[in-house]
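In what follows, subunit A forms one complex with subunit B and a second complex with subunit C.
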Partner chain A sequence: MLADLVQNTLDGLAAGSAYALLAVGFTLIFGVLRRVNLCYGPAIMLGCYAATFVHLSFGAGLLVLALVCVLASVLAGGYVERLCFAPHRKGSGIAAMVASFALWMQLEEVAILALPKHLYPFPALYDGKPIDLAGFTIRVEALVMLGAASVVCAALWWVLYRTRFGIAARAVIDSPLAAELSGISVPRVSMGVFALASAIGGLAGFLVSASFEQVTPMLGMWSTFKGLLAMMLGGLGSLPGAVAGALVLGLVEAHSQWFLGPQLRDLLAFLMLFMLLAIGPRWMTTR
Partner chain B sequence: MDDYAVGVLTNIGLFGFLAISAYLLLLAGEMSFGQQAFFGVGAYSGGMLTAMGGWPLPLAVVAAMLLGALAALMVALPTLRLRGLYFAMATLAAAEMARIGFELLHWQVELEGEQTGPDGTQGFRGIRWVLENGIEPGAYLAIIWLVLAMVVGVVIALERTRLGATLRGVGEDPELAAALGVDVTRFKLGVAAAAGALAALGGVLYAHHNTYVEPRNFDIMLGVHSLAYALIGGLGTVFGPLLGVLVDIGLLEGSRVFQGYRMIVFGGLVALLLVFRPRGLLDERTVIWLRRRLSSLTPWR
Partner chain C sequence: MPALLEVADLVTAYGKIEALKGVTLEVAEGGITCLLGPNGAGKTTLMYSIAGILKPRRGSIRLRGEELGGCAPHEAVSRGIALVPENRLVFPSMSVIDNLEAGAYRRQGGRAGRGEIDADLQRMFGRFPRLKERSAQLAGTLSGGEQQMLAVARALMSRPKLLLMDEPSLGLAPLVVEEIFRIVSELHRDGTTVFLVEQNAHMALKVAQHFYLMEQGRVSFSGDPGSLAEDEVIRRAYLGSAK
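Showing the complex of A and B:
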């Protein structure tokens, strides 16, 4: 019993760190645009498909694949930004959201046309056996994921608080109007933040694909759902909140999967979000 | 008409109910990601009443609509205080809970030597009231479009009354509407209930057209599609959402020209369309212009 709890907690933290990367990307985009990008996950999925394509054609190694994944995600993200968000900067949030959904459908079909099988193998992040520590199995992939999430969060903090670009980005997040009046080019900063978020998403997609050793078109919806859930649980718009929400989501999922099964796991995750929104503290739902 | 055309036209009618349901909420200023849940509630409850309970379809339709309205009220009551994105996410969470609820629903009875009823992820087979009562696909199509025409008629009539003006007023500026004496929360609850009933109506008719439903039919994709239909077609008139359905199912799925590329075409078209017409093809301005043109063409007015 206790052993199960500890093992589940370890697994939950590993899943939570993947969610954290996704949620941080989502939050960055929401921060500068005040819009939800439903196509965030599908752009990542397309990046992973590009990497799979490179792997199948040239047999490239992991490092190259990671690079391809990140680059292709940034390109796909840029396409989404140009078509869905740049034109609606001052206009309707609903139109931008529906447009991003339309591109989701599009990217999914592009991926399926390029690689039509339902499932493709992805090279494994780590081939060896999991580490055995005092009776608990620790997957090396999980450690890499946790490490990557920590490094990305630290790097992001540095970028946001120690560079000129970061100051501009935070100014835009705080108040686009004030940022514009003080001479910051809001469209350019938004574009930069969007690219940064897509790169983080691409890295998350690569890590997830390589630790599950497969890619499917479902990766798009999965990333959007998990990232969105974690971001909303963390109170929307706060980066530390997004990380906390992601870890909570990972832990709750790992424990409920073990004790209740996969269907009730998902039910519980959505119930948690619903209750938080319906009866949670007011400050969490008025940002 | 060949079977294929009947099938496409039937689907246009069926998803038309869902699109109008999303449209009503959008007019009231709320974006729901969860109307598919009430479509599902209608499909499951209506199907259970006719296939397991032996009810006639018209009675089952009424019951399903009441249940849909009730379910919509249950979701709307705790969530309507939320704004914009938070409301969208809360309705999404509720709808996914409903979908998982359908997955967990196992309730079968033995009828004429066959197990009938919802069987979790295996779906719910044997909703055959329409077949058993000798209604041909063409006749069922006519029934669906007749009901849809009635709904459209009611919405048009309501939009011409004070109620319609209030609806758009609440959507445009809730504070102003409240200052003018409208009880915004109660009004929105009413709209949510009506939209839920409408979605359930579409759902029960859908279940009896397909004779088979499964939880996956009512996932988030259906919900976002219905939102997209309303927004592509336009928020100026109730014909807008129907135009949206027509563009997607009629033009792209029905024509078979774009087979394999349907979503690439559709996705790109929608995104581009929204750049130039963020409130859809038939937006308010276009509708007013069209009305003027029409009334200038009719000399007896």
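Showing the complex of A and C:
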């Protein structure tokens, strides 16, 4: 029993760190645009499809694939920003969100047209044996994910709190009007943040694909849901909150999968969100 | 004194409704010009039009003879205009010092160099010692008066030729208002040109050299403090007493 708890906790933290990357990207976009980008996950999925395509065509190695994932996600993200969010910057948030849903469908179709089978193999992040430590098995992929998430979060903190771009990004998140009055070009900074968030998402997509060793068009929906859920659990718009929400989500999923079975796992995660919304909606509006 | 800012026949509209219906006025270089007027007269609209937040429909805005009308807000800052907005609008979840850094955004990474910006930071801390004490504190935790000081300091960090202030005394205690106006006259003494929107005519009379009154999108009075005090209507509406 105790062994299960510890093992599940380890697995949950590993999954949670992938969610954390997704949630951090989602939160950055939400922060600068005050808009929900439903096409966040599908753009990442397209990035992973681009990497799969490169892998199948040229047999490229993992590092190249990671790079392709990140770059293609940034391109796809930029496409979404130009089409859905730039035209609605001062207009309706609902219109932008619905537009992002339309692009979701479009990107999924593009992926299916390019690679029509339901499932494609993705090279494994690590194909050796898991580490055996004091009776617990630790997957090396999990350690890589945890490490990557920590490094990305630290790097992001550095960018936001130690660079000129970071000051501009936080200013836009705090008050777009005051940012404009301070001489910050809000459209340009928003685009930069969008690209940064897409790059982080692309890296998350790469890690997830390489750890599952497969890609399907469902990766898009999966990424949007996990990112959105973690972001909301963390209180909408706070980066540390998003990371905490992601880890909680990973832990809850790991434990409920073990104790209640995979069918109830997702149910529990959504139930958690539902209760949070029902009991404390004020939680969601604090930043 | 030559005019630093010349606004001519400016029309700014929200949809079909014209908030400014042909405003013409001047701000003298090195002086303090004050704009009075009731709520809804279009004072803030004028400020936003000059700062590039709102695009004027017609007319011109010239800074030292150069046309500004229609340029983006960040460009207006580059050209030397800084607005201290109504309700201050500091960046609440950023530290005081990061707020000031944001004010110097257009100068960073440029020719100005780090040293010059750091020197300006020290100057701001000299002028506003309270901000120095609280430099690491989040701006959202400051009092209203302190936030107003921060908003002024942030605007000054861009080294503006023209400082626009939109009701800096709004919602502040009388003692704090006195301090704000003391700072405004200090800035004036140091050579900053100030264009001030104010409802508190008593305070404005102590510092400003020229007054405009705006009503329903038009300028209805222009004159020095003496003629302002002599105008029966204005005296009753803004100075609160008949002679």
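In this text, the second predicted complex is superposed on the first by the 282 of 287 C-alpha atoms of A that agree within 3 Å, B and C clash if a C-alpha of one lies under 4 Å from a C-alpha of the other, contacts with A are read in each partner's own complex, and residues count from 1 in each chain.
Here is the rule we go by: contacts are C-beta pairs under 8 Å (C-beta built on N, C-alpha and C of every residue); 3 or more make two chains touch, one makes a residue touch a chain.
Given the structure is predicted, the values throughout are model-derived calculations rather than measurements.
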Please indicate which partner A:36 is in contact with in the superposed arrangement: first for subunit B, second for subunit C, both, or neither. first
Which of the two, subunit B or subunit C, is in touch with more residues of subunit A? B
For A:182 in the superposed arrangement: first (subunit B), second (subunit C), both or neither? second
Between subunit B (first) and subunit C (second), which, if any, makes contact with A:20: first, second, both or neither? neither
Once the structures are superposed on A, label A:66 by its partner contacts, choosing first (subunit B), second (subunit C), both or neither. neither
Which partner chains sit in contact with A:171 here, subunit B, subunit C, both or neither? Use first/second/both/neither. second
I'd like to know which partner A:278 touches here: subunit B for first, subunit C for second, both or neither. first
I'd like to know which partner A:102 touches here: subunit B for first, subunit C for second, both or neither. first
Overlapping contact positions on subunit A, where the subunit C interface meets the subunit B interface: none
Given the complex, residues on subunit B that touch subunit A span 26, 31, 78-79, 82-86, 88-90, 93-94, 96-97, 100-101, 103-104, 220, 224, 227-228, 231-232, 260-264, 266-272, 274-275, 278-279
Which of the residues in subunit A come into contact with subunit B in the complex? 36, 38, 83-84, 87-88, 91-110, 113, 221, 228, 232, 236, 263-264, 266-267, 270-271, 273-274, 277-279, 285-286
Subunit C to subunit A touching residues, read off their complex: 51-53, 72-74, 77-78, 82-83, 85, 89-94, 98, 101-103, 105-106, 108-109, 154-155, 158
Subunit C-touching residues of subunit A, taken from the complex the two chains share: 164, 167-168, 170-171, 173-175, 177-185, 287
